[in-house]
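Before anything else, here is the set of structures, which you'll find just below.
Okay, so chain A shows up in both of these, paired with chain B first and chain C after.
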Partner chain A sequence: MIWQQLQSLAGSYPLALRGLGMTVVLSLISLVLGTLLGFGLGILRTGGNRLISAAIGAWVDLIRGTPFLVQIFLIFFILPELGIELDAFTAGIIALTNLAACFICEIVAAGIRSVPTGQVEAALASGLSRWQRMRQVVLPQAMRIVLPPLVGQYVLLIKDSSVVSAIGLTDLTRVGWLVVQRVPNGLLVFFLVGLGYFIVCYPLIMLARRLEQRMGAAHGEVQL
Partner chain B sequence: MTKTGMIDFRGVNKWFGALNVLRDITLSVEPREVVVVCGPSGSGKSTLIRCINGLETIRDGDLVVDGQRLGDPATNMTRLRTEIGFVFQSFNLYPHKTALENVTLAPIHVRKIPRTEAEQAGRELLAKVGLADKVDAYPAQLSGGQQQRVAIARCLGMRPKIMLFDEPTSALDPEMISEVLDVMVAVAEEGMTMMVVTHEMGFARKVAQRAVFMDAGAIVESGTPEEFFSAPKTDRSRAFLSKILRH
Partner chain C sequence: MLENFSFRTIVEYLPLFGQGLVTTVWLSLISFAGALAVGIVLSAMNLQRGWLFRVPAKAYIDAVRATPLLAQLYFLYFGLPRLGFVLPELVVGILALSLNSGAYVAEIIRAGILSIPRGQVEAGVASGMTYVQRMRLVILPQAFKVTIPPLLGQAIVLVKDSALLSLISVAELTRAGQLLASDRFMPAEGFITIAAFYLLLYYCLKGLAALSGRWLGLQPARSST
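Here is the complex of A and B:
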């Protein structure tokens, strides 16, 4: 009987694939953009300028402290009121990128702060410029601290992307809602939706775990 | 005071909050001179040399290094730092880079020396400090004494005019101290202008022209190492020396 129910869902297969594709594309674009922006913000956050640092801190707190659903509604429904027309896809990318950047900013900032002061002083004393200190000395060491939680954050963000279904984007979650109206067994539908997310996320979970082990080992070894 | 040294402190003061860590410091170090700074912990000796390359900033007075006044908008601090080597108590080698990469990083990126040329010079410097076979080793694979010698080679790679040493042997096991001091003696004998915060009397007697004794942020006594270590003039320096020389 479960077989029959699966068969009744077989017709929805192309739609499901489209939904999965949307979820992957949306996640991929916003994670790449969010990572770049997040590193930039994290570097500025720990830079010397207090005003910039405080402004970024306030924005990050605001975004981390409000539901993503609310943020996405604000971007999709309020911005057009101000004359900025956005299609659902662009709104979704903006909202997810912003969310990703804010979480990644804090991860990167924590990594940068973990680098001992002596390292910065040594780089400073040898005449390296601000950017050279960051690029050659601070970031490579911060990455040890940053990488495991960064990949873990990717997993959370991919799952958060399901919220974009609320503004009508046909991602995996929305496909679930559409299909469930046509077939009797909603439980099975959402089981499959969940499975779809898991298939995307599981490799990342494994990667995060491996990175954590590797970085843990490196940490013991690289000791001053 | 009209003559200008390589390093010139004139009435320098510095506070950490309410604490007056440098009190009216006036001190001039001539080119090729080696000055040893000693004193009890918290006396301000590390702060004194950290001011010279701007790791600490001064509150008032003048500090002129290599003809450039610190804190002056016309002084390019990053550029001035390339002329000043700084050796830290805790080495501060870059743990993610090999010994050679530690030595060549600044010459390649700051001095813009071609990589192959910088690596050639880096190997020679590491050989000079006795570490020809450790070129590709990471800091974690080196002993404290070896790390500190790499740190000295890293400074020399920039061909600085001045070298500052902040208790370079204090974090070392006793058997490694002499290998680092030997390298420092060699650097001094080549005519480097040096300020060394240390209590190593043997080193001071061998290469220093002057010993400066600091207490509570002020320079209390200054003289040749011979005079200072064998016949200190003030009660405070006598008390200090009797403590470090007792054993």
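Here is the complex of A and C:
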């Protein structure tokens, strides 16, 4: 019986590959877009304008305070009511990008705030423009604080992409759900699904840990 | 636009939302208690010198952290019956949340214990305290303080994660929103209302985290939820 199940599982490998592909594509697109948007928002958040900063803070709180599943439902079911037609894939990308941007915004803002004011003042005194100050003085130093949690955030993003299966996208988790209807062995099927995520996420987790140690050491902090 | 937004329907469904909210709260509370139990055991295993306990604990923590909760939930939901455990969805959900959050709680506790300066332990040793005495009287009281704010952060994550239980048809808050959305074809009313309820829970927990930080005399740490 287990042999039959294994055969049946082996037969569904094209589906599994498609699911893994969908998970990777979803994560990758929203990772790139979310990072760009997140950095932009983070810079604006720490930029002098209080109104903009407060507005971004409020939006980030809204996103951090609600479950991602609810956000997906809101985007997928309510945007069409506002006259914006979108398919499940676009809805998934929007939801994931927005989520990533909000978390990355806070990470970047924390990084920028960690750069001593003296650095900014020195840049001002050297006559650097706003853009030069950000690009050549503040951001390079902020990156040390930003990088480890940023990689950690990517892991969260890949894992959160599993939730888009709820609106019918055939990602890795959805494939597991489909296969388990035919091959009634939930342990084996979802062990394999988990393995798929593990292979993608675990190296990133290791990277985040390495970065944390390296960045901490580079800062001259004592490792206890 | 949403000019047909019907507050009347929301009021009509308020008892359902209320039930969903109550279910979300108590199942989160039970799951959090479970997560604390799992986390304490795991972190105790993880801090051992010998590999016999440390390696399995580390493997478990990594496996949980590198896979999505939804896959873990389905693993238990479709897998447990195969092992002969046919449990109600609610129990499976609480189990999944406890086992998942437990891994994160274990890391928080471990970080808290490791944050106690080495000198404290050495002072304990020099005073002739046993291992248990050192843990109980020196390390844990100090570590306890440091772990409270991140634990509350984890509680926020847990409450939000509990929304996934609606996908195995547990009648919690998100499920209530789905019911309104599908019964009356009113997704806006359903999902905006539950989003508001989740925000309410979020701000309560966030306020509690800020207060606890102040009570314990800690710096207002920015929680990374």
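One rule holds in what follows: the second predicted complex is superposed on the first by the 215 of 224 C-alpha atoms of A that agree within 3 Å, B and C clash if a C-alpha of one lies under 4 Å from a C-alpha of the other, contacts with A are read in each partner's own complex, and residues count from 1 in each chain.
The working rule: a residue touches a chain if its C-beta (ideal position, glycine included) is under 8 Å from a C-beta of that chain, and two chains touch if they have at least 3 such contacts.
Since this is a predicted model, take the numbers as computed values, not measurements.
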Joint occupancy of chain A by chain B and chain C, clash or fit: fit
Partner chain in contact with A:E85 - chain B first, chain C second, else both or neither: neither
Touched partner set for A:L62, first chain B, second chain C, both or neither: second
Touch count on chain A, higher of chain B and chain C: C
First (chain B), second (chain C), both or neither touched by A:P140: first
Which of chain B and chain C A:S129 touches, first, second, both or neither: first
Which superposed partner A:F198 touches (first chain B, second chain C, both, neither): second
Partner chain in contact with A:A166 - chain B first, chain C second, else both or neither: second
Minimum distance between Cα atoms of chain B and chain C in the superposition (Å): 25
Doubly contacted residues of chain A, that is, touched by chain B and again by chain C: 224
Residues on chain C engaged by chain A in the complex (per definition of touch): 1-2, 62-63, 65-72, 74-75, 77-83, 114, 117-118, 160-164, 166-167, 174, 177-178, 181, 187-188, 191-192, 194-195, 198-199, 202-203, 206, 222, 224-225
Chain B to chain A touching residues, read off their complex: 53, 55, 78-79, 81-82, 84-86, 88, 90-96, 105-106, 109-110, 138-140, 154-155, 158
Complex contact set, residues of chain A against chain B: 116, 118-119, 121-129, 132, 136-137, 140-141, 221-224
Of all residues in chain A, those that touch chain C in their complex: 61-62, 64-71, 73-74, 77-78, 81-83, 106, 110, 149, 155, 158-163, 165-166, 172-173, 176-177, 180, 184-187, 189-191, 193-194, 197-198, 201-202, 205, 224
